[in-house]
Amino acid sequence: MRSGWWRSMSAAALLLWGGLQVASAMEPIRIGAFLTLTGPSASLGDPELKTLRSYIADLNAKGGVIGRTIELHDCDTGGNAQQAIACVKRLIEQDRVDLLIGGSTTGDTMAVIPAVEQARIPLISLAGGIEIIDPVKHWVFKTPHTDRMAVAKIYANLRKRGLTKVALITGDGGFDQSGRAQLHQLAPQYGIAIVADETYGNQDADMTAQLARIKASNAQAIINFGFGQAPAVVTRDAKQLGITLPLYQSHGVVSQSFIEQAGAAAEGVRLPAAALVVAEQLPDANPQKPVLLAYKRRYESQYGPVSTFGGHAYDGLMIAVAAIRRAGDVDKAKLRDEIERTSGLIGVAGVFEMTPEDHVGLNADAFRMVEIHNGSWRLLP
Amino acid sequence: MRLAGFYGFAALVVLLPLLFPNDYFVIVVGASAGLHAILAVGLNLLVGYAGQISLGHAAFFGMGAYASAILTTRFGWPGLLALLAGLLVAGLLAWLLARPILRLRGHYLAMATLGFGVIVHVILVQATDWTGGPDGLSGIPPLNLFGWTVEGDLQWYGVIAAAMLLAIWLSLNLVDSQIGRALRAVHGSEFAAQMMGIDTARAKTQVFVVSALFAAFAGSLFAHQQAFVSPDSFNLAVSVELVTMVVLGGIASTFGAACGAIALTLLRQGLVVFEDYEMLIHGALLMAVMIFLPQGLFVGLGQALRTGLRRCGLGRRRDRHRSLSTAGVQDPGSPP
Amino acid sequence: MPEQLFQFLLTGITVGSLYALVGLGFALIYNASDVVNFAQGEFVMLGAMLTIALLGAGLPLPLAALAATGLTVLVGLLLERFAIEPALGAPVVSTIIITIGAAIFLRGAALLLWGKDFHRLPAFSGDAPIQLGSATLLPQSLWVLGGTALLVLGVRFFFERTRPGKALLACSYNRTAAQLVGINVRVMLRLAYGLSAGLGALAGILIAPITFSSYEAGVMLGLKGFSAAIVGGMGNPMGAVVGGLLLGVLESLGAGLISSGYKDAIAFLFVLMVLFFEPTGLFGHKVAERV
Amino acid sequence: MNALSPSTPLLRVEGLEQSFGGVMALAGVSFQLDEGVIQAVIGPNGAGKTTLFNALCGFYRPSAGSIRFAGQELRGLPPYRIAAHGIARTFQNLQLFFNMTVIENVMVGCHLRARTRWLAAALRLPQVRREERQLRQWAREALTLCDLADWAEQSAGALPYGLMKRVEIARALAARPRLLLLDEPAAGLNDTETLALRELIARIRASGVTVLLVEHHMPLVMGVSDRLLVLDYGSVLAEGAPAEIQADPRVIAAYLGGAVHYAV
């Protein structure tokens, strides 16, 4: 607790000191991060910020990038779009950052895009929604797989098992609803029929009413797109109602706390996840494996169990650093062009191949289908 | 003379950006504070003067914002026309709702307005085809005012500051007229007000509509300024915060409401540096202000200041009236 | 359909009991002070989080629950002593803002103590569902139902059979008169805060295995509890219980039969309708003002 | 206001009934009141005096009977419509607007004569300024009549009790009523204040306002009233000039068997 206080005081002191600095050629590179550090999506922003801090400290210890140190300015959006806009304006106008990382959530990211485009500053988002980069926005990139890829992965797995009738149950948050939209959009393409479509409030304590309806439908499988504690409630209540249909969750629940909360009911749940959670189970020949293990070891030695969200921040920082190195300075337009030229960069989420038409640069193969088995993740073939 | 405070405040609002033209706190946070001030001043007419609580005011704010957002993005309406439509929708709904809702008193009224706010919020989240759902609507075009396109934070500061000053001016005028006295009479004693020939149900309806109009107006500006709207900005927490602003600043005082709005907005931004301690400090400050200045920051501090001046032998002109008051009921402003 | 209906009802009654317990706390404090305590949900959260923390520290569950309740009561008393009492005589809205401030403060404290994660209290008697015809029920739901029944009976007994209870009731009817017959209103206020903090904590402990808990868990429960108390008629504890059950059942039926996305809107529409026809709730005493 | 022929009373109440959950608070009250008189309503506690006032003003909706005021039926109208017909009142439990100054209270009393609309007020158009001045002037006149001019800018809540009651009268007068209802105007006043009140009531009548008052203070009642109406158990027990009422054995019985002597 105390370290939090000192951190904030030293951050404040640093800010003050930063403000007093006269402009010089050796100015630090300023990266602005706006993340959900509080509120229902705090579990996203927290590992993201920790990752950024850890790796920026590391880079600075090694002499910085292009001979300049990196300065991190962070701002908590609380998952509130309005606050996200305020954060971005503060980072751009007061902290004068050279590059933005963030939007832990799609909602936060979408909210700031007008301000970012107007300020002409590169933004690397850490959120899943496909609408962030589709249609392509000139200044906006992102590192996580899209929810469309997650849906594609789930549907492919369903087809493999010969299941075609599914019931959806989603929350009322942005993540849930944009996932739900993708589920509807992709269904015909995979020959999947949606026979039930339920929603719940993300704060709800009980989902049995919705699940009872699903139980009475002729669904062959249930897909729950959501995050926070709600998916754990869904998983538990499904078990309570004696529902034996295969249950698919989204990549929104890839964290140890989901397994803890859902308890025994989580057994057998399948979901698409980044390779990070099953890093050890990957074949040694996989070029991603050393990157994943290195990140995981570093994070866990400092903060405890790793989560994929921190991995997105790692990818974002690495893409940015590589682009700065190639550009040789932090001119915003040059930086943007270099980010767009990212190619063959092996990150936590997969291998990034960005193009002017593709501002995420990942394909669905970056997702792995995993199953919860004996309280941990098992890579499915 | 009557508006001396107003002109002083206006001068400050104009001077600040001239002194700090690129300061984030003045320009961006200031604009946000200004929007909140419009909302608080409007809500204060209802809560402070007419004595009717509303815990659902964010709904009207949201209606203005979404009317502008939907009409400009989906139907290509010009911003000003959309703004008027937003006013119309919010005003009409407030008018329809006012009679049944304002029959209720105290906490029942609080509950009913709260429920109304929750229902509107649920609709904003669920009616995805119209509202864009929880992710909201983006790409709202900049506001065009008779050929001038408002762009950039400094210009927005100007527009919002002007709108806020207009709101404060309108509110000051209203309060200091027979309309305002009738509202305060409704608050003071509904029986007596009726016996003076005031149709209290009608007066309450009117003030409900007017304060909804203030909120919808702020909402339209907000939508254009942010170029983005999402349901989060109009949920219960926002409604509660608006009431907090009114009470924190000083109930039944136009400047009190505006000051409360500005103070709370600055506070929320200022506390960000405390990270995890933000909530703890925010809560403690709210409690402290209300315990030590139950009449609110603006009104309470004003009274303390006057008392202080009197002790120093200043402010004699007001003294004559004040000394008489000691004979009667205790000064409601003094903390227990 | 009928068997589903039964499931909806079971769910509704379980969830409704949660709301009823929280609503009861609202009614208690309102009785003593005419103030709606918006920190009531935070008492619930504290009860749950403290129990989880103490359990984690190695205490057995009954002891952890007892200690957590005691600590929450202490918080309630401190809140009354240092935030409510100094503001006696302030306008009611100011007092409401104080309780809102207290709620934010307690949430902030919980955030510092236990972080942002969701925590889970293991169910008291396992997770194996109980089959009731075609419907199922978690054993923890039985704990909630039984606990609610016991607490409601306890509160009833307190109000009808004990001197402090009767005194508290007297305060709710007419504070000045109560004062005149020698009831110490300040002591009553403390009693009410202590009691409703304790009730809140117990509610939190009973429901934590079902809902999971986090520093923000009190917000939603507080809102629903307030609605329950209002529907029942503010200041009528049994009304709050009925209001809570009604609300829970309605939400469950709304989600099950009409639309799960709009279920909160349905619940609040119901609240509005009740108020339009019964402006002081279903069982509130109708006050006639004298002129 | 239509002119009344001398034979028509200003107020004629017939068979007025008001019940609360089975209890008849007014069981067919009938009486009439001529223009320009001061009439007092007396009776033991619970006789229905204040209920009668509340029924006359529209706070209650009487279940039967008629209230004809200046030739028009008022029963069933809401209070603000009744006020518009020219009836004003004060209250037994003070209903002053404590959130305003004394003169503002009285300016609210002028409401029926105010014409300001929302938009005009918000924009503070010239007519609003004119009206403000006019209202203030009228309010001052009412205050002067009630000897309150010095207290005009005081907060109403800060006045001594006796003055508060007086402000209520000034506020009611500001409405320029034809009939003024005073509900226990002397309650809580000391002897000096009561004397001043008596004088004030006389002055009010002199200004052409008819007065109906409920009062327990018998010296005041006997001194100021032209006629008395005695209520008991919601019915009219007796009606007449003070001297007749004093001699009426039924009234004496109702007031604890004859042990009453009024110093007139």
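Read from first to last, the chains carry the letters A, B, C and D; within each, the first residue is number 1.
The rule is simple: a contact is a pair of C-beta atoms (placed from the backbone, for glycine too) under 8 Å apart; a residue touches a chain by one contact, two chains touch by 3 or more.
The model shown is predicted, which means the values in this text are computed figures rather than measured ones.
Trainee: Treat touching chains as neighbours: how many steps, at the fewest, connect chain A to chain C?
Mentor: So the least number of steps between the two chains is 1.
Trainee: Count the touching C-beta pairs: is B-D or A-B ahead?
Mentor: If we tally the C-beta pairs in contact for B-D and A-B, the bigger total goes to B-D.
Trainee: Find me the chain with the mean Cα position closest to the mean of all the protein Cα atoms on display.
Mentor: Nearest to the common C-alpha centre lies chain B.
Trainee: Computing the C-alpha centre of each chain, which chain sits at the greatest distance from chain A?
Mentor: D
Trainee: Determine the centre-to-centre distance between chain B and chain D, using the mean Cα coordinates as centres, and give it in whole Å.
Mentor: Result: the chain centres lie 40 Å from each other.
Trainee: Determine the centre-to-centre distance between chain A and chain B, using the mean Cα coordinates as centres, and give it in whole Å.
Mentor: Roughly 37 Å separates the two chain centres.
Trainee: Just curious, how far off is chain D from chain C if you go by their C-alpha centres, in Å?
Mentor: Distance between chain centres, rounded to whole Å: 48 Å.
Trainee: Based only on mean CA positions, could you tell me how far chain B sits from chain C in angstrom?
Mentor: The separation of the two C-alpha centroids amounts to 31 Å.
Trainee: Could you list the positions in chain C whose residues touch two or more of the other chains?
Mentor: 111-112, 261, 264, 291
Trainee: Going through chain D residue by residue, note those that touch at least 2 other chains and give them in order.
Mentor: 59, 91, 95, in rising order.
Trainee: Mind pulling the chain A residues that touch 2 or more other chains?
Mentor: 4, 38, 172, 199
Trainee: Okay, in this complex, where on chain A does chain B touch?
Mentor: 4-5, 7-8, 11-12, 15, 37-38, 75-76, 79-82, 85-86, 89-90, 93-94, 106-107, 110-115, 118, 129, 131, 172-174, 176-178, 181, 199
Trainee: Touching residues of chain B toward chain C in the complex: what are they?
Mentor: Touch list, chain B to chain C: 47, 53, 100-101, 103-108, 110-112, 114-116, 118-119, 122-123, 125-126, 191, 236, 240, 243-244, 247-248, 251, 276-287, 290-291, 294-296, 336.
Trainee: Okay, in this complex, where on chain C does chain A touch?
Mentor: 1, 4, 7-8, 10-12, 14-15, 18, 111-112, 116-118, 120, 127, 129, 131, 136-138, 207, 210-212, 214, 216, 219-220, 252-253, 255-256, 260-261, 263-264
Trainee: Can you name the residues of chain C that touch chain B in the complex?
Mentor: 30, 36, 83, 86-98, 100-109, 111-112, 223, 226-227, 230, 234, 261-262, 264-265, 268-269, 271-272, 275-276, 279-281, 289, 291
Trainee: Applying the document's contact rule, which stretches of chain A touch chain C when the two form their complex?
Mentor: 1, 4, 38-40, 42-43, 46, 172, 198-201, 203, 205-206, 208-210, 212-213, 216, 228-229, 232-233, 236, 239-242, 257, 260-261, 263-265
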